[in-house]
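For clarity, chains are labelled A, B, C, D and E in written order, and residue numbers in each chain start from 1.
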Amino acid sequence: MQTVLSIAIDALAYGMVLFVISIGLSVTMGLMRVVNLAHGAFAMIGGYIASYAARDLGLAYGFAVLLAVFGTIIIAVPIERLLYRRIYGAPELTQVLMTIGITFCIIGIANYVFGPTLKTVPLPGELQGSVDLGFRAIATHRIFAIVCGLVVAAGLWYAIEKTAFGVKLRASVDNAAMAAALGVRTEIVYAVSFAVAVGLAAFGGVVGAELLPVEPYYALRYMVTFLVVVSVGGAGSIPGALVACLLLGAIDTTGRYLMPEFGEFFFYLAVIAIICVFPRGLAGRAKG
Amino acid sequence: DTIKIGVVGPFSGPFALQGKNFKAGIDAYMALNGSKVGDDDIEIIYRDVPQADPAQSKALAQELVVKEGVQYLAGFYFTPDAMAVTPLLTQANVPLVIMNAATSAIVTKSPLVVRTSFTTWQTSTPIAKVAKDAGVSKVISVVSDYGPGVDAENAFKTGFEAAGGQVVEAIRMPLATNDFSPIMQRIKDSGAEGVFAFLPSGPTTLGFVKAFKENGLKDGGIKFFAPGDLTQESDLPALGEAALGIQTTFHYAVSHDSPENKAFVEAASKAIGNPAELSFPSVGAYDGMHVIYKMIEATGGEQDAAKAVEAVKGLSWVSPRGPVTIDPESRHITQNIYLREVAKADDGTYYNKEIQTFEKQGDPGLAALK
Amino acid sequence: MQPIFEVRNLKRAFGGLAVTNDVSLSMAPGDRVALIGPNGAGKTTFVNLVTGNLKPDSGEVRIGGEVVTGIDAIGRVRRGLVRSFQVTRLFADMTPSEHVALAVLQRTGRAGRLFGNFLGMPDVMAEVADLLGKLGLRELMHRKVSEIAYGQQRLLEIAVALALKPRVLLLDEPAAGVPQSDTGRIEQALADLPADLAVLMIEHDMDLVFRFAKRVVVLAAGAIIFDGSPSDVTKDLRVREAYLGSYANASHAA
Amino acid sequence: MPATPLEVENLSAGYGPTRVLEDVSFAVPAGTRLAVLGRNGMGKTTLLATLAGQTRRYDGRIRMGGTDVTGLPSAARAMQGLGFVPQARCVFPTLTVEENLFVGLKNRPKSAIQEAYDMFPRLFERRRNLGSQLSGGEQQMLSTARSILGRPSILLLDEPLEGLAPVICEELMKAFAELAKTGDMTIVLVEQRIQSALDFADRVIVLERGRIAWTGTPEALAGDHDAVERLLGVGGLH
Amino acid sequence: MTTTNDLIATAPVRRRFGGGDLIGLAVILLVAVVGYFLFPNNLALLTRIIAAALLVLSLDLVTGYCGVATLGHAALFGAGAYAAGIASAHYGINDPLAMLAFGIVAGAVAGLICGVVILRAHGLPQLVLSIALIHLFHEFANKASSWTGGSDGLSGIAPTALLGLYEFDLWGRTAYVFGVALLAIVFVVLRLIVRSPFGMLCRGIKEDPVRIRSMGASPKFALTKMYVISGAVAGVGGALNAISTQVVGLDSLSFTMSAESLVMLVLGGTGSLFGALTGTVVFMFFEDVVSAANPFHWLTMVGALLIAVVLFAPKGIYGTAAAFFARRKEAQ
């Protein structure tokens, strides 16, 4: 029983970290219909900024997180204007090409500027150490990640489903020309959404840095993980992504506990099974 | 004349750090020993294989030999890349000096292969004795599920059982594991007193070491043993506090206290730019250059692979890592293996502190092959 | 005569909405039926159900006496049940001749051939030319479909359906978007159809309906409220109110 | 004197290298109901799309209410009072009916959506359904209602009757006439059902291969049998 | 009533294997000969490019012609490589042509397996299925190390002389000529297939599978068939790789290789065999040049190339060039 509980806790924590890091991708990929393989690259930029701010400048953690989020957005704005704007509505494969290209460039630059070593984001005292749950200990920063995940999920869901901006965004994605003909300034809608997605990526990169440490190859190393999680959830659906993260987190954790030597098999077989049962992902939006 | 040496390694990509160390070791050697052997200028030509890719490795080696006319091939971080090149050597009349790839079998693939690095068997065997001496008799082994991981598991098991210990469980986990909590739970549940771990150096070691601490294993008194890949110097700043006290066995620590090493570290630090990035592949490359220089001396700059290899069989010298010999039979390097512990220096940085020496270790893996 | 196409007690609901509510209908070879009804009455859904694009909650569909309810859409097409789409579904990057050729090849079991090309198959080409000529698409036959006007795409949609030589043909608003000048072509194409073919046409263009149909079925809120001759339908009060409006008074109703 | 709501001068437009419209000029006085007729593929859709800012313009100017909107993007034209109901309907498939209508509101309060439901009660019944689930006719209603909600001063309608039941068609044409009269709305209508269009319009343009081939009043067109036969391909009206 | 003849006369030239195809074949052979004399010392690279080109052609069949999004196509290539390698290393079947046959069959079988799984979804989920599959294949090969050598690679592959006459030499001449011959044959066969009724059916499926179904054809069956063909082609590439390298590594079954082949395809232009070839040659050559020039920071250059292609040649290098010339011709 204790073991089961213990695995459940690990699964929850891992799933939520996955969620925080990948949810931004659900926005770009599901709502804006851009297969943004550079998502990890933006998460990585966030991680680097936070690491630099906290470790080299000695800023407080909260401040470093803010700096990471806004710094990444500032870096991303010109990239959106010059590059992403050209691939909205382009065929998926063209988007893949462009965003892989962007990823390569960011990796190359990060490698040049920061070197190939691991970078950490020092945690503040409150988040260090472990909390004793009675039957086991769990790292405080994981609890922090769980809370962050829940807050982000709720906020994002509200913004997309309930606000005027959310409706305009979804309309622009369905049919940009028609939305424009109804007076929606689609470029602005897109730019804002992109900024939000990138900000979330950076935030996730920082919050998840304990699990997925920041180094230049971060951008490619975890690309597949993000892609899988978001698609299994059904791109564009916040609840779907949340469920997918928790489910896949649980399968991964259990698999690694019960038979680690087949951990990968477990995980990917589960992915195949889920998609065969839900060919559009757990909560896929009908595509029209 | 100019003698060209072709070096193949991961100079970009996720293992770029190791490739960078190759270059640092080579640069350091040439800085200290000149870029001339006799009348011949030495020129290094680098070729990049970012990830294990035998086809690319072979194509590059072929190009180096045929087009660039290199007399020596060197480098090779990954085993399959080295394996792909061995069939070429005889026809090309080129010796291959391996500066890293750590699977025992490579040297058996061609008589023209010489290795100046280590094998996983070589560095993992002594830690078994350390564990037993520390009073631990039940150990769980946890390794990444790929060639070197399996080698490490076997090496440890063989050594530990020979010493009278018991490996209660052997876990192989996927290379791409990010979250090690479930593994830690397994370790806890196994009832072992100690854990033997092997993970390739790089980002995953961070998660592993942190999980070990955060899940309360470290404080629970479970002892941690590993070969030195796990605490390579360039990862230590990130591992930090969590790694403190971990004991590993390895052939080289940047902190090794000897005049040879001091000179080496100084030169290599300059070559690599950021001294914090210096790690073990640099010393393999440094000694590889030493071997190649000796080969050139022996052949007088002529291209004669057999003669060159013959000349370094049994060669002994004092490397930055300590005294070493090329075993005449296996052409693999015989060297000291050190037990080290992660410690904190006065300036707040972390380093591998050598605390025990196992002298003149050969490669037990070759024996196991037979 | 035995009906070639028969539907019994077909039902389908979306959520709580009964879109097809116990519909039974049969057609004999040579029938020309118009299915009309208010927007959202369930006409397209009916077509989707009988062609196998949607699964019914209950009920039965027969083609030539054979029960096909358990057979998928492809199997039904192969048994001679062919439809056209209300919103054109064509291959934007292909030409009209390729569309028709593909249909002919599929019908004659040659669409899976790995070698050869339809341009080298005289029988296929003759049929393609004939069909496209009938529908006035000859000049456009080698243009990409994305470059031809909507009305012409509608005609092509019909050409593809005809190329499959169906036994039962279901046309979902074939004339929508086709200008008056060209509805004649559609009528002509329909008139040239083999006499033993059963045709069901959904259409809101009453002129076309009354010229074409020998029988009119009216669907409202998922149920058939009228099934009879065109001359009777304009007299039916419910139909006039729910659907025809003042059209019923116009002179066109023959 | 109030500015002319819509003026077009020497407009040429098309798709990529394909020129479709050539040198089209006309002006529409306030409150006019203009019908644009022509056979298949003559450029009617292209004309409306160009006015709405959605196709490539090669040459010419467009003025709305006296201001030059030639260079303005689609959204800006919409905010200046242009409404557009495209031939393909373009309902947002993943939005509910209500959300579809919401997008058309521009800056009006949300309660205004009720106007659309009053016009098409069917939409009210289906308000929680996704756009993709609607029947063809329902989509057509939604598309029209959505554009009218934004209270445009110029409304471009591309075959708004397609797929609608005869009763609805009648009501809709009445509603359009009403809007033009009381709402001071200028309407440009493209329609295949020539009779309906002529009944509705007070001016007619006929396009032939991208050029204006005939212009005048509906009565004049009905009387010009030659033009009707040649340009519209039908054997006469009434 | 029109006759068939004048119809064909007005049709754009699209015969069974017409003049355009012969020119295409000639271009390939010409490039091969020029390559041989231009880079006589770098034939191994050229052979590697050919093997990759076969993989990319194979990918083009399913992605470019059928619209199946996949990031796992190396599974087919790797299956061919391992089958050829295992036949030689474990069973002593060292004749290159026999090894090739093993590669083709294994590739086709892998194609069948992948097809059956991947075709169960569309779009993004489909992409993820392919990713999951390639990881399963990779993991399987890693586990079955007694057969595959695991992460150390499968060594001990020793192909005998080709046709009993031509040894595989240090300069890689035999391997190169062998590769060119294979590429030419595959090209001709594929050219015929993409123009056949089956090819047309697949293009239709790519645009609208629902429409195809309502024409009475089964998209799933057709796509699976295409997947098997694609697997055979990738198997040729894999076998060529095994024969010329004599070591097969896990990389030949990796996500990285799959992703790279997709990048090459899109770079050249999907949906055209020449696009696939152009993309492979440009990408691999560019990579070789920049990585030799600066082994440490060449990745940035590759990234810049990809971005530049999307910005200035959105249909891929070949696709955009072809469209440009078509437009020029039309304008005249």
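For this structure, a couple of remarks:
Basically, contacts are C-beta pairs under 8 Å (C-beta built on N, C-alpha and C of every residue); 3 or more make two chains touch, one makes a residue touch a chain.
On a predicted model such as this, the values are computed, not experimentally measured, just so you know.
Shared contact partners of chain B and chain E, listed by label: A. Each step here moves to a touching chain, and the least such steps from chain C to chain D number 1. Seen from the Cα centre of chain A, the chain whose own Cα centre is farthest off is C.
Ranking all chains by how far their C-alpha centres lie from the centre of chain D, first place goes to B.
With centres set at the average Cα position, the gap from chain B to chain C is 73 Å. Averaged C-alpha coordinates give centres for chain A and chain E that are 33 Å from one another. Our note on geometry: chain A versus chain D, Cα centroid distance of 43 Å, whole angstroms. Each chain gets one centre point, the mean of its Cα atoms, and the points for chain D and chain E are 49 Å apart. In chain A, the residues touching two or more other chains are 111, 261, 264, 287. The touching residues of chain D, when paired with chain C in their complex, are 15, 18, 39-41, 45, 87-88, 122, 126, 133-138, 140-141, 159, 162-171, 192-194, 232-234.
Those residues of chain B whose C-beta lies close enough to touch chain A in the complex are 12-14, 16-17, 20, 145, 171-174, 176-179, 181-183, 185-186, 189, 202-203, 206-207, 210, 214-216, 234-235, 237-238, 240, 273-274, 276-277.
On the side of chain B, the complex with chain E involves touching residues 11-13, 16, 19-20, 46-48, 51-56, 58-60, 62-63, 65-67, 79-81, 83-84, 86-88, 91-92, 103, 105, 109, 145-148, 150, 174.
Taken in their complex, chain E has these residues touching chain A: 63, 69, 117, 120-125, 127-129, 131-133, 135-136, 139, 143, 255, 259, 262-263, 265-267, 270, 297, 299-307, 309-311, 314.
Across the complex, chain D is touched by residues 14, 37-41, 43-45, 86-87, 147-152, 173, 176-182, 204-206, 242-247 of chain C.
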